[in-house]
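As written, the chain order gives the labels A, B, C and D, with residue 1 at the start of each chain.
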Amino acid sequence: MSEASVLRAGFPLLAANPGLHYLDSAATAQIHRAALDAVVCHETLSRANVLRGSHRLAEAADQAFDAARRRVARFLNANSAEEVIFTSGATAALNLVAHAFGATLRPGDRVLISQAEHHSNFVPWQMLRDRAGIELDLLPVTASGELDPAALPRLLSARTRLVAVTQCSNVTGAWTDVAAIVAAARRVGAKVLLDGAQAVQHGPQDVRALGIDFYAFSGHKCFGPGGVGVLWGKAEVLAALPPFLGGGGMIDEVAPQRSTWAELPRRFEAGTPPIAQAVGLASALDWMMALDWTDIHARETRLGAQAIEGLLRIPGVRLLGPAGTAARAPIISFDIAGLHPHDVCQVLDHHQLALRGGHHCAQPLLAALGVDACARASFALYNDEADVAALIDGVAAAVRTLA
Amino acid sequence: MSDGLELYQDAIKRLANAAYGASQLASADGEAKLNNPLCGDRVVMQVALSNGHITAIAHQTKGCLLCKAAASLLGARGAGLDAAAIDAATDALEALLHGQAAAPADWPELAMFRPAHAYPSRHKCALLPFHALQAAMRSRIGDTR
Amino acid sequence: MSEASVLRAGFPLLAANPGLHYLDSAATAQIHRAALDAVVCHETLSRANVLRGSHRLAEAADQAFDAARRRVARFLNANSAEEVIFTSGATAALNLVAHAFGATLRPGDRVLISQAEHHSNFVPWQMLRDRAGIELDLLPVTASGELDPAALPRLLSARTRLVAVTQCSNVTGAWTDVAAIVAAARRVGAKVLLDGAQAVQHGPQDVRALGIDFYAFSGHKCFGPGGVGVLWGKAEVLAALPPFLGGGGMIDEVAPQRSTWAELPRRFEAGTPPIAQAVGLASALDWMMALDWTDIHARETRLGAQAIEGLLRIPGVRLLGPAGTAARAPIISFDIAGLHPHDVCQVLDHHQLALRGGHHCAQPLLAALGVDACARASFALYNDEADVAALIDGVAAAVRTLA
Amino acid sequence: MSDGLELYQDAIKRLANAAYGASQLASADGEAKLNNPLCGDRVVMQVALSNGHITAIAHQTKGCLLCKAAASLLGARGAGLDAAAIDAATDALEALLHGQAAAPADWPELAMFRPAHAYPSRHKCALLPFHALQAAMRSRIGDTR
């Protein structure tokens, strides 16, 4: 049995669908059994609201939730657990920064995002621009969809307060040269936010080594439950921000005239948090941390290379994103001359291939790449050579069916 | 009907590729542009009207086969129809997509969209040109959305 | 077997803990098996991202999510499913209104909340006041903690744009006289938001009969999963509001200069929603809709009355909230002269009684009632006479232990 | 130790009820107010200092038995101590709450808080007066939080 099929056995949906070629992990990765079991165990053994109820279920829930925070901190190599804010997802985490950090900006301050951003790291900044009178700068992409570092000097200035970019494109798989971004941002005193939504399913992260200030991701993209995500922030950066959402749990004291706010991390967690989901996410991350990522990366890269090679042999196929696999995660988006990705994906579904076609919530990037929509095959640790072979046969069949 | 996939019969591909009405009117009495925000597909429908009946129809369609086939069908059959007839055709297409077995006698071509009833995510693709034409019939030039 | 024990058997945590007297449902109700099973089934059979992927899992996820929306609409007797916005919880729903409706207010406009609000319906309005320069008015409570309708004429004016109050207090259980509030608000042309967080576990709601504009609640308080909640809003009211959070799924079209927004309900659902949780919530609500609520209400009221009677027989016990049970949900908060609720709840835990002690995220209300903290016993449909008897014995024992 | 519940031994109740130091200083050299936002409990600690050593200590405490007992203990034992001694006592209490078996020889009274180690939600209750005293030792009058 191949290593991928050993891993695959840990995913209930994949185990129940042996014929399925699931190549849509960039949209949602499948949930690992450890995460699903943790959710069920929590709900059946320790379900209670958190924040210091003194009955034993509440104690259990509190401890599980606090431990989940520590486990996430370990996955990110964060300095401390209080730097980990649980949110409902990456989008909520990014909006949190756009509001809380955004509230510290003055008209004329600038935020730099890139043309490659997912709408979730694009629209919140447009909304901030319109709300707060700041300027929004757009780092262009190269012809292969990579952030163009050559444009950095021109776009960064002393007024730039934040650079908010993706760590990995959800369309092209292109990895961002984070070190270059961080160095350039530091030269003008700007903070750096990294949208890690696509990175986390490819292994544990090290926010300290990355040298950034904020990091956002979602549980459902790293083998955990939906409904939960994380904002990590440097303690001293977070501590200087006002809260975003108001409600239970985030206060120090509420009085009719004026309220005061709790310390980190609770200041940014208004209301009952997604408790069981946080516990499930932590279990997924623990499971990930025990894997051999050198091996997995080698396999993911090999599958990506095989897919690219096979697809390019089919007449009419054009690949979006970097040539080769060195600078990309195994996310392969492609266009077929004269065919619409919805039709292509529909035929592929008929061949038990799950791909997504559309604009992938990245219309500015697609515009830059000159397409309205594309088909995307995204590989994760449970995929193997059989998936690649099926993809290539499927795309060839789609061309025949649709021509 | 290669591949056991009923949806992509030759008829629908031929209709889509024929692209009847794929053009632009020099002067239109009604016009509407509709987006499918979920995929970025887009249809612009234009009509020239006389007494509420279509005298000329044109569309610019960016979309999948289903969307193009639907637009092409309207391009081929739209002339002479009024808003009520377009509404009736739209209702008939919706009914087919929701599982009704047979197309109405005056719109036999709609039957080719019936296999899409198994794929709810694709219903909007076929309906987009119809909804755009409905909107165009009701628009005055200048207040399209 | 009593009806309560039949119901109780459907709750995995309670079934696994036969000796437990769970009287903390106002903080978090236990999850019904139907909801938990629905989550697991969804994650193992239909997991995918929503919004029109064209592979079969994506179709299944889409359909399940759409159906969940229709099922929530039915529970609320809403006019249409597009009036149902999925959020991460009641707090998120309330903040959504404070931002989206708040964005339509001008300096000098007024919002009326009450002194009885949970912090989640208090702090967001304070933050809006400070952000937008509006005035925040506070409807006082009577000595028994009920909203004081006599103060309405004085506090409402033509500048009042919104009245945002709780349907049921999480401390006293007092039911709000919604009809009186709605009538008074309508006279000045104000919209009405009802915080239904505490109401939903006591039966299906009818937002049309209530005559309101917004309704917010959380899944974890009505036997569903955590991490999900609902904002219901009248279609024409929601349609007039700008979006709140930005991201994937809520757009019509994104361009670097300017983006446009999707129609209802997606305009208010940025990012990947809590899909499995929404499906689980819908299953909990469907299960609730099949119950005989006349029966359940009679029993809940009887248990409340017995608890009040028994507690008042213990020297030193003072009840907060309405006398009797006519105007209250079975939420019984009490103070014991000279004892701190944390100590009381700790001793009760020793007797397998799960109660919560503290300020219950309602400091302004507790201040009005003249206490810093109190103990709270909250009853739900799975509680019975044995829970009441244990509570009374437990409180008597706590008095002996702590005196 | 009625009821099998080790936490509420007579000793801790007596200490809480004695409320040593529950008063207010006419003039303090250090002062701090700490909240437990999770329950609304609150401790104000005041100290008079000479050469960094406490010459007088007073507190106003709103809290549970554990909190009151801890405040009372500091009221009884605080005089004569310096910041380092308070820090050491706080560390010792934290160690007990995290499971250490025995109290240090110079703070035998801390042992009565040890049963709370089974209840993490209550640790803050016992620690609040200690943390408030630490803050008071480091404060200048006027910059309390």
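Rule of thumb we're sticking to: a residue touches a chain if its C-beta (ideal position, glycine included) is under 8 Å from a C-beta of that chain, and two chains touch if they have at least 3 such contacts.
Because the structure is a prediction, the values reported are computed rather than measured.
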Applying the touch definition from the top, give me the chains sitting in contact with each of chain C and chain D. A
Between A-D and A-B, flag the pair that has more C-beta pairs in contact. A-B
Dist(centroid_CA(chain A), centroid_CA(chain D)) in Å evaluates to 45
I'd like to verify one number: the distance from the centre of chain A to the centre of chain B, where each centre is the average of its C-alpha atoms, in whole angstrom. 37
Inter-chain centre distance, chain B versus chain D - centres from mean C-alpha coordinates, in Å: 77
Round to the nearest whole Å and give the separation of the Cα centres of chain A and chain C. 31
Of all residues in chain C, which are in touch with two or more distinct other chains? 52-54, 58, 251, 253, 342, 346, 357-358, 363
Hey, what residues on chain B touch two or more of the other chains? 38-40, 119, 122
Mind listing the chain A positions that touch chain D in their complex? 51-54, 58-59, 62-63, 251-253, 262
Any idea which chain A residues touch chain B in the complex? 340-343, 346-347, 350, 357-359, 363, 366, 372-373, 397, 400-402
Residue positions on chain C within touch of chain A in the complex are 12-13, 16, 20, 22, 24, 27-28, 30-31, 36, 39-40, 43-45, 47-49, 52-58, 88-92, 94-95, 98, 115, 118-127, 138, 218, 220, 225-228, 243, 245-251, 253-256, 258-259, 270-277, 342, 345-346, 348-349, 353-358, 361, 363-364, 367
Per the contact definition, I'd like the list of chain B residues that touch chain C in the complex. 35, 37-40, 119-122, 124
Touching chain C in the complex, chain D uses residues 2-5, 7-8, 13, 38-41, 62-67, 119, 122, 125
